[in-house]
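Can you keep this structure in mind? I'll have questions shortly.
Chain naming follows the written order as A, B and C, and within any one chain the residues start at number 1.
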Amino acid sequence: MTKTNPGRFFEDYAVGDVITHAVPRTISGGERAMYHALYPARGALYSSDEFARACGLPASPVDDLITFHTVFGKTVPDVSLNAVANLGYADGRWLAPVYPGDTLTSISEVIGVKQNSNGKSGVVWVRTTGRNQHGQDVLSYVRWVMVRKRGDGAAPEAIIPELPKAVAATDLVVPAGLSFDNYDFALAGEPHRLQDYTVGEIIDHVDGVTIEEAEHMLATRLWQNTAKVHFDATNREDGKRLIYGGHVISLARALSFNGLANAQMIVALNGGAHANPCFAGDTVRAWSEVLEIEQTDAPGVGAIRLRLVATKGEAGHLRDENGKYLPDVLLDLDYWALMPV
Amino acid sequence: MTKTNPGRFFEDYAVGDVITHAVPRTISGGERAMYHALYPARGALYSSDEFARACGLPASPVDDLITFHTVFGKTVPDVSLNAVANLGYADGRWLAPVYPGDTLTSISEVIGVKQNSNGKSGVVWVRTTGRNQHGQDVLSYVRWVMVRKRGDGAAPEAIIPELPKAVAATDLVVPAGLSFDNYDFALAGEPHRLQDYTVGEIIDHVDGVTIEEAEHMLATRLWQNTAKVHFDATNREDGKRLIYGGHVISLARALSFNGLANAQMIVALNGGAHANPCFAGDTVRAWSEVLEIEQTDAPGVGAIRLRLVATKGEAGHLRDENGKYLPDVLLDLDYWALMPV
Amino acid sequence: MTKTNPGRFFEDYAVGDVITHAVPRTISGGERAMYHALYPARGALYSSDEFARACGLPASPVDDLITFHTVFGKTVPDVSLNAVANLGYADGRWLAPVYPGDTLTSISEVIGVKQNSNGKSGVVWVRTTGRNQHGQDVLSYVRWVMVRKRGDGAAPEAIIPELPKAVAATDLVVPAGLSFDNYDFALAGEPHRLQDYTVGEIIDHVDGVTIEEAEHMLATRLWQNTAKVHFDATNREDGKRLIYGGHVISLARALSFNGLANAQMIVALNGGAHANPCFAGDTVRAWSEVLEIEQTDAPGVGAIRLRLVATKGEAGHLRDENGKYLPDVLLDLDYWALMPV
């Protein structure tokens, strides 16, 4: 019997299956410092205990994307080891902030399967939930991937989950106690409130970062995501290491500080596409488009829905005339963030 | 209205203006660990809680240069975004140690302006103060930079601050409680006391470190210094990323352990010049010259004033016959440190 | 008098000498986070406070190799600065787990010397002990190195210590309170118990990691190991930086998770050889051979003795027909780990 993990194939997923993912993880100030070293992250709420307390939180939580990457990383050995492609995200919601000292685990439920017409692979939908040491859910999202079949058996009944195009503003979970009534715009870095943004507005975040191999590998390992494509230069014919898509997400989000400094907390992931692969040496820029503007019940707290695009090209350029992503585009992400009104 | 920060131009500074810099930062053990990974730092006081307690401190503070970089990094978007050159430092004093858990903010006061004769730029002097969550000042220093003008308006009245050539030994602030009476030289790594050094002595720190792109970018981001010249390989015609001068300061200071292991705490920054740019691939060495030796009122605590030079060339070589820095010289820093007598 | 450390030569070691190594170090969650960023480490006991508590420990200790590297790093300036070769390890035992907040110091006793027949160098054996702030020993191991002579004086009496080929299973120290009775195999990542392994079994850990210069330097500095061969590209004629052998140990150990996820704690180092040098750009893989299987007195806790091989080549290939390590082999390590029965 081989002792190593061969990964799951399409046949190994049945709707209703629940997978407990391995390796719980306690987060500390160390992960936060690493995050600040890896990305140009400057969100005040994630940088300062004092700023977070002034916003009604007990301390500065770790970046919402630390939560995402930690929860996501655990799913890789069970969900994406034999994946041909990461097809999409939907209906993601952050349900509680994560603080240094918290321990996270992940479970996934299979919610959809559909064999491809070629009979060699299929699409699997899973809802992944991250949970802290109190048994409290901190994050829940749907991901679907294309997975190789092991053999040539019959196709299972196709079950395709219904997924919202975007999380409704009324379904957003604002962290308990959060208030932006005493929000300090000078310390946060920009004066722009929710009402200063308009739907359809494009924001060029200006700055670019050239990625190094060491950086994306440090990041990806930090989330205990050990997919070999990210680490092994002998794995592809061209000798390139594919950069974990989450590295590009975090980089683009951090770059978006310049113009969106007050888009403080990510509360929902509506969708996302890793439009083209990213490699070391690429210089990544970012731009955002304002998609929706909403209020919440929390004092002074509004919600802004944003398209965040990571690109090697120009701001505002996304697709060609056929609707295909331009070759320079790396990421097209749709998310909700909280912003002072 | 553009949402992104265009940076300030020369016209935007008036003597007396006070700028509250954005993004307060809570420091943790994570920043300390990163610092030890980025630099060959071995100062015992900054490595061990036990050693620090034996010296009368409540715990091991973070490296004084973590404080400097954190405070400095916050000023970049307001002071150096349109800067043509970082011209100098003066009258810097560390006023209180920073411990994991502390939150730092920075403010700067404009203390001098002088338009250049070309009418296209000017020099701005600012005094920057770092402060902890108790409202206590932890660091104060003067920096002056050359900044582009936005337009071609009239020159403001030139005001040039008077700055000391060096902080007087009597003005040095020794941390409350510090005592070197029970200083353990074996654990600190070298037997040399203050009286073992002589003014004019040159110390070659021997070791060299070849710098990688990933390292200086991790470091610079850690201080939330997001000046694009450090990160964007498309920013310069030669495709090089300019290394943050503070990275060279920290590297040289860490290398100086070998010969100055007991120069434990930096208490003053008298001056400094980034003599030549530093790029990845450079192998950096360091040497020091003893400039002054003084006593303090604290038990067993002396003060040593040092010139610290980072270079790609030979120890002891600094300027050519015309007084110009040799092309191999990267940094010429003048500082005070505390040392057991 | 030169202020810098010239290192010790063969003549400077006499059997019975005790060397107090410099620079005590307080470990925090930061070092743990860095370790997870540097290596694909996924051992649940070292990742989660909750998992560790379920195994009877007060919290998640830092990886045993963090302890090893921290203790080892301190010995470099005193033991290996003028070393020609690191010849071997023996009789290493971990004696107590190390937790964030602990402060480590190292001392070494010289236990053997033997001049080489060429009269230009000799072999020195030292027993190094790591100790925490409570004066409790956390690690003890023997290392021997070949060291240059300073001069051409007479040879000392040769004293060669008797060293066990392997630590006896009965001498292994199981951390107080450790129990695997409630071990959660799903969270740990693999179902294999001690009895699922057989002596002689070879496990190919499958995954490969291509090493970058920035990574091994970050790692090596983190342990305050400042041997210049690791950092200075001008130090060797070929411009290469030799990678610290401990980096390869940690990388191979982390890779061995895939097949040995339940080999949780390293409790003994029986021997080890850095078979060939490792350089940036090398893609490192790992395989293990089961050498012994034993029980311990602790509830549910067994012990597995493993050969861990890091290689650029194929799993299972170790030596040529003359018994010489194959050129692809980087590391041959013999250790004991604890595993649920």
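As a convention for this text, a contact is a pair of C-beta atoms (placed from the backbone, for glycine too) under 8 Å apart; a residue touches a chain by one contact, two chains touch by 3 or more.
Remember, it's a predicted structure, so these values are computed and weren't measured experimentally.
S.K.: When the Cα trace of chain A is superposed on that of chain C, what is the rotation angle, expressed as a multiple of 5 degrees?
M.R.: 120
S.K.: Copies chain A and chain B touch; is their interface built from the same residue numbers (over half shared) or different ones?
M.R.: On the two sides of the chain B and chain A interface, the residue numbers are mostly different, under half being shared.
S.K.: For chain A and chain B, let me know how many angstrom lie between their CA-based centres, rounded off.
M.R.: 36
S.K.: For chain B, write out the residues touching at least two other chains, lowest number first.
M.R.: 28-31, 33-34, 100, 212-215, 218
S.K.: Of all residues in chain A, which touch chain C in the complex?
M.R.: Interface residues on the chain A side: 1-5, 20, 22-26, 28-31, 33-34, 77, 100-101, 103, 105, 133, 212-215, 217-219, 221-222, 224, 226, 228, 231-235, 241.
S.K.: Over in the complex, which chain B residues touch chain C? Could you list them?
M.R.: Checking each residue of chain B against chain C gives 28-34, 36-44, 47-51, 60, 100, 186-190, 192, 196-197, 203-210, 212-215, 218, 258-261, 281, 283.
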